[in-house]
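Sharing a structure below in structure tokens format, with a few things to ask.
We call the chains A, B, C, D, E and F, going by the order they appear; numbering starts again at 1 in every chain.
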Amino acid sequence: MIDLYIWIGLMIIGAIVALEAPDLISAVISLGVCGFSLVFIFLRLHAPDLAIVQIIVETLSLIILIAAILRTTREDTQERLSLQKVALWLGGLFFMTVFMLSAYRIAHEMSRFGHPLLRMAASYLDMGLMKTGAANLVAAVILDFRAYDTLGEATVLFTSVIGVMAVLRAVGRKKRGG
Amino acid sequence: MNELIGLIIITVGVVFDFFGVLGLLRLPDVYNRLQAATKCITLGTCGIMLGTFVMNGFTGLGIKALIAIPFIFFTAATGSHALARGAHKFGIKLWHKSVCDKYREKVTTDKGNK
Amino acid sequence: MQNNTQNTSSGMSLIVKTVARILAGMIMLYGIYIVAHGHLTPGGGFAGGVIIAGSFILLYLAYGATAADSDKRKWYASLCESLGIFGFWIVAILGLVFGTYFLFNIFAKGTPFHLFSAGIIPVCNVAIGVEVAGALVGIFITFAAVKLLERK
Amino acid sequence: MEGIAMRYFVLFLFAFVMWLILTWPADWQHIIVGVIVSIIVMVLFGRLAVVGEVKMFDPKRWAWFIVYLVVFIWECIKANLDVAYRVIHPRMPIKPGIVKVKTNLKSDIARTFLANTITMTPGTLSVDVDGDELYIHWIYVRDETVEGATKYIVGRFERFLAKVFE
Amino acid sequence: MVNSIPLFVVIPLGCAFILPVIGRRWERAGDLFANLVTVTLLGLAIWSVRFIRETTVYHVGGWGAVNGIPIGIYLVRDGLSIFMLVVVNLIAFVATLYSINYMEYFTDKTKYYTLFMLMLAGMNGVILTGDFFNLYVFIEIAAIASYALVAFGTEAEELEAAFKYQVMGSVGSGFILLGIILLYSYTGTLNMADVGRVILDKGASNLVWFVNVLFIVGFGLKAAVVPFHMWLPDAHPSAPAPISAMLSGVLIESIGVYPLTRIMYNVIGFDGVLSNILIVLAIISMMIGGLLALWQWDYKRLLAYSSISQVGYILLGIGLGTPLGLLGALFHLFNHSAFKGLLFLDSGSIVYSVGTRDLREMGELDRRMPITSKTNLVAAMSIAGVPPFNGFWSKLIIIIACIQAGRYGVAGWAILGSILTFAYILKAERYAFYGKAGRDVADVKESPPFMCIALIILAVICVVAGLMLLPNVRETILFPVVNTLTSGTEYIWRVLR
Amino acid sequence: MSEILYLLVIPFVTGVIAIFLPKKIRPAIETVGILGSVGSLAYVTYVYVNLVSYTSSWWRIDGLSRFILLFCGVFGFLIALYSLKFMRRFDRLNEYYGYLLFTIGASFGAVLANNMILLVGFWGFLAFTLFMLITIGGPDRTGVSEAAKKTLIIVGGSDCLMILGIAILWLLTNSLRMDSMNVSVATSRLAAVAFVLLAVTSFAKAGAIPMHTWIPDCAEFAPIPVTAFLPASVDKLLGIYLLTRLVTDIFALNTAMKIFLLAVGAFTVLAAVMMALIQHDAKRLLAYHAVSQVGYMVLGIGTCNPIGIAGGLFHMLNNAIYKGCLFLTAGGVEHRTGTTHLDRLGGLAHYMPITFVSFIVAALAISGVPPLNGFTSKWLVYQGLIMLGNEGGKLWIIWLVAAMFGSALTLASFMKLGHAIFLGQTPDYEKAIGHKVREVHWSMWLPMVVLAGLCLAFGIFAFRLPLAKLIYPAVGKVFVPGFWQPTLATILILVGIVVGFIIYLMGRVKIREDSLPFIGGEVLPEEVRVTGTDFYNTIREMSILRTIYSKAEQKLFDIYELGKRAFLFLARGVSYAHVGVLTSYVAWIFLGLMAILFVVVRLR
């Protein structure tokens, strides 16, 4: 368990460094640290497939981010330490403290880490193959037991695409008006 | 036996991968690093794939590992080519000790002609 | 795309274009494979659809934004998207039409571990795959068009 | 146009074979679906399939292709060792530069293969193709002139590729 | 007819999916199909009213319970759902009718109708679902469609508004999702009734309270409760008028107030602390919304702020938790949909004819646009709570409920909010319709026929909705709806039966 | 039962017909309007005669509501008649008659209602019709719309208070029937709150300080018939009706509440009449008097003894009569000359004799000059106040003096008004309006004459006619102590009149001294004509009053303006938080989340 905390700590450090690094490229690399720590956490939690996906995503996004930086500028504009920023930081820290304290209070009430409470899922595991005939249990769940959700998710995608197309029209209005 | 041969091939692949990464770190500019990355890492990865194939034989997994090899060759070469070209077009300079840059001459003359 | 095949002035270099032409079909094939085996192996409509879209996006990337910017192509993508999800919808209401439940698994379940099994799941996967592919290509073309517009 | 029809057919074959490999071991369901899928791919991308496939059914070309492959793999391994040597060597014996070479190959696919081969072989990386001129990044420039560089870099593969694709 | 339940989602979804296909060549397809769909849905909803006393559960895909644990997705139609369905589909019907003419001056009507149908399907899905994750998915559908619709005019400020809306909406969705995840990890199930049962068994622990807070923030964001309201005054005015009417009239209620109410009352169980939190939020919303509306010169922005204030009223009734308070809240919800929809449609008519949203540039419109001005008057009087218009009755009930619950101070705030409402809405009336014109209005004409018909329908509803409180009528229509909420966790057993 | 329903149906149905008639067919609209009002009057007379008392859970008729009903009908008819000519030139005639009839119907409903919800429904609807009638408006659109807005905010806002009061009553008595309530204010603080809320509502309707400020604005900008009908008569009737109901039926008051009422009444009498003195517009001046007279009614009812209440009710009736008459004369003047601004008027007695005579009668009545009706009712109020003194307590003398001083000031201001409009120097009307000034049409002077006649009749036959037939049934037989005895009250009235003359003369003398040297012997040009209003500048210049007046002109004593300022100040403060920066908005969200978390942690 302790190694898990180490990785999580690394992630948090990475995230903070990424936020505060004066140089964009260091920020991006810290972000990479953050992401790859996640990979190890996945591995540690016996989810290699997720880890692989995470590696790919992380690598890709790192490349893309670095490319973006190369195309723009390496140096971030140097900000002075203004009062507003300090306030923002303190506020954020305060919020995180409160939120974390609350989260800590509820942590012990959740089912133990890595041992999910099987209630609905137990039925899926028992009768997934038998009732749906799908060898891939994930497919059985998302397209049969909970196909309605999947229809919804497909609709979300559809909605976003139609929305993007609608918003990115060249001309919005025919006449005057607001 | 297949297991052993596969492992050996994979090890070789990993060693080549290591060289590639070393090159990435040591070599001076984008183009040289691309050289190292493309060659060593392609071969390294191919080695791992081949090893996997040898270990698994003609199963679904093994076959897929096998057909990944040509694709990796294609894409890695093309990718590094595209990267190099893009880098050059973007204006990333060669290492200062480079001996010549025919491509820059060509680009500048093209611009002059226009 | 035919018109742009020999047009070297836009897009990436000849090598990338040629490789893209060779690979596009294979990528698409792989995408379809993922979609079709969604109920047997990890993957499914969403993942496969993305790969299918990838084959088109690869071509557009290789041939440049101008190749992608076409009202007709956008329309085809949009059509794919709409028809894909409309297919899912049809499958969903089949249950209602035939007097059982909405989204009921109305087809024969078949033998597990075979391609033709699991009732509506592969059909839905295909529909989703078509939708996702259309959606991503559509978005890509739309963004490309916006970028061209900005350049103008 | 016979050429175009041929392209479609070739792509169909390719796709079908690919499908069979992917779904190994194939049963009748996979084959049926495979035919459909290959037709879909053929219809969508047949127009784009690479020019010159008419020559695909010439066994002599296939033989040359195998020869080329052998040479290529050998060069490839050599390339890796070469790079490994340069990287490991403490002083890094490199003398990089971009040189121009010329090729006699005409078809797109041949040039593509040439460029990719160059990329995969020792010390060279193709940067751009412009007509029959290739710009090559060379990690250790032995000859800056066009002719010399051509002989060093292109010469090894051009004839095989000409036999295969031209 | 249990099979009619999924139709509320299926029909608009199908219309949305097919419209892009057929709408390319056939420009009028959107007008025709969208109106057909909304008419059908309105008919279905009204037809459903006769089931208002019973709870019907629909098992999507035929997946019922295994060992008493639901494994599929349940759709639940009870009194509250039917009531919400009627509200949503009524406003949707009027909005589509209005769009026939109004959307003429935007391009690409087909996409507009597609998004509209998706938003409608999302809202209906939220109302009908009995499953947490499904709730989230449909909230997202409705929300994403509304993001796009807010920016439908593609002007810079509209895009900015949509961006803000999207960012803040995502924050809200994030909280909701976090809450759902925590609940799932706590109970191991997603079905609302089942979650409720597990919570009943395990007791309300700290985790449930944390989830409560997350839901209040998340749904409060969707419902634009102060201090989570900042997106609304940008987003709602930017949308085309029928969409503003939908957003302010029903969207914030159906994806904000309704799920919050449903979860608080029927799943987790309502108690005094929640009541206090909701009441305080409600009072803040009422006052701040009203004050900001008073400060506005942009008519649609004024209306948007007033929505915040009115949502405060609804939340106040819900927070009281007494049957009378709930009756007032639900009735006010209905009324708010009607009059706010009408007000936004009227503002749309003004924009359509005069071309401005600035109150100072309007004026003398009572002569130029008689139908618009009369319907706007009806709506304004409704929102101000002048008898016999509908807003009066709900305001009356809520204030009496406050007194009945012994919260005199709250009643005082409600009165103050009400006076504020008078102030800002009369400001709008005065400048838009009765005051001196700020620009040349000689060539301003009344809006096209379909728009006028839509306005008149809503105006008639505003006038006659008070009849729902007549004895015998309220027993059949409103009381069962209130009973759904007051019976609290009875819901669990009705669904799991 | 059915009679009562017909009472509502007649005006509402004719109103709906009128409102939906096309604007173009004016004769039809006018016919419907007149028919509706005549029908209502006829039917209400029938009900008055035949239905002495009736109670159900929804409706109730008793002595009090009977005569108020009758007078609502009478005023409705007179105004409709008067409007025939006057409203010709207005645009939205169909709406005008429609809302007029609605007002008649709603006032019937409000008076008849026995159920609190019904009462508040009709009550609020009256605010709405008032708003609409004001928006029919005159030429000054900005002023009209502002006045309409202000009116509805004050009246409608006070209706919200009424809802609150009703809710508290419901909590206390568990009933909404007005006849079954008997709440003692002394028993609980809630009851006192409810009483104050409901009283404030009635103040807003009747126009007592501090809820009076809509009346002057409304009078200035709304068409004269509207002002004469609503703020001057029907709203007064209803407001005082409600107050009477509260005091007599619903609540049993304690001393503190009585003092509250009396203080409001006394202050209203004085403050409003002081404001009236300095007005330059006839309509505004009359409006302030309308407010001032409400003070007497409140004083009368605040005494809570039968004489006082009888006096208050009688004064309400009288006020409706003479104030209606005064507004109608002002309307006649406006109709002919196109203005009511006192600086531009004068010498009209010569041109409009009938109007002048009606005006004089009504003005004397309002000033409480015997034997006109105003005298009688004021006298009853004074008697009520004296009775209050007999019951104990020391404050009654203050109220009495205030009332009498108010009476004196009223006379003074009406001398000014009469001088400025009908006497004084005649400006060149033909130059100003382009035609000769004539007497108004008969349909306009007839209502004035009828009302002036009523003033006389109610004054001379006060005890035989109005009190015996109308008031006593409402409050029970009242023993009036020594009517023709030279009591303290009558002496004070005469003193009041003398004081009024002195103030009037003070103004005259001072102006003469100041202005004569400058005028010299020249012929006065139009610009420097001495007008009636200038005389009263003297009062304005008095040192203490000057500050108060200047503050009043800045509307510092206007509850509407005060509220507006407060709200706008708050609104500006709140709007600073809405800067449009996304980050700060998101920060708000998190702050809110934290706040709720804290609350949850604290409360659990």
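Heads up, the rule we're going with is that a contact is a pair of C-beta atoms (placed from the backbone, for glycine too) under 8 Å apart; a residue touches a chain by one contact, two chains touch by 3 or more.
These numbers come from a predicted model, not from an experiment.
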Worksheet, complete the sentence: Note: of the two pairs A-F and A-C, more contacts are counted for A-C
Worksheet item: Which one chain sits nearest the middle, judging by mean Cα positions?
Response: E
Fill in: From chain D, the most remote chain by mean C-alpha position
F
Fill in: Approximate Å spacing (C-alpha centroids) for the pair chain D, chain E
62
Worksheet entry | Whole-Å gap between the CA centroids of chain D and chain F | 100
Worksheet entry | Gap in Å, rounded to a whole number, between the CA centres of chain F and chain E | 42
Worksheet item: Which whole number of Å gives the spacing of the CA centres of chain A and chain D?
Response: 40
Fill in: Residues of chain E whose C-beta touches two or more other chains
13, 17, 20, 60-61, 213
Worksheet item: Among the residues of chain C, which are close enough to touch at least two other chains?
Response: 13, 15, 19, 22, 26, 78, 81-82, 85, 89, 92, 102-103, 105
Response to the item:
Touching at least 2 other chains, the residues of chain A are 102, 144, 147-148, 151, 155, 158, 160, 164-165, 168
Fill in: Complex interface listing, chain D residues touching chain C
11, 14-15, 18-19, 22-23, 27, 29-30, 33, 37-38, 40-42, 44-45, 47-50, 108-109, 111-112, 115-116, 126, 128-129
Response to the item:
Per the touch rule, the chain B residues reaching chain C in their complex are 71, 74-75, 78, 81-82, 85
Fill in: List of chain A residues in touch with chain F within their complex
88, 91, 94-95, 98-99, 102
Response to the item:
Per the touch rule, the chain B residues reaching chain D in their complex are 16, 19-20, 22-23, 26-29, 31-32, 34-36, 38-40, 42-43, 58-60, 63-64, 67, 73-74, 76-78, 80-81, 84-85, 88, 94-95, 97-104, 106
Worksheet entry | chain B partner contacts - residues on chain D that touch it in the complex | 18, 21-25, 76-77, 79-80, 83-84, 86-88, 92, 94-100, 115-117, 119-120, 122-128, 130, 133, 135, 137, 139, 141, 144
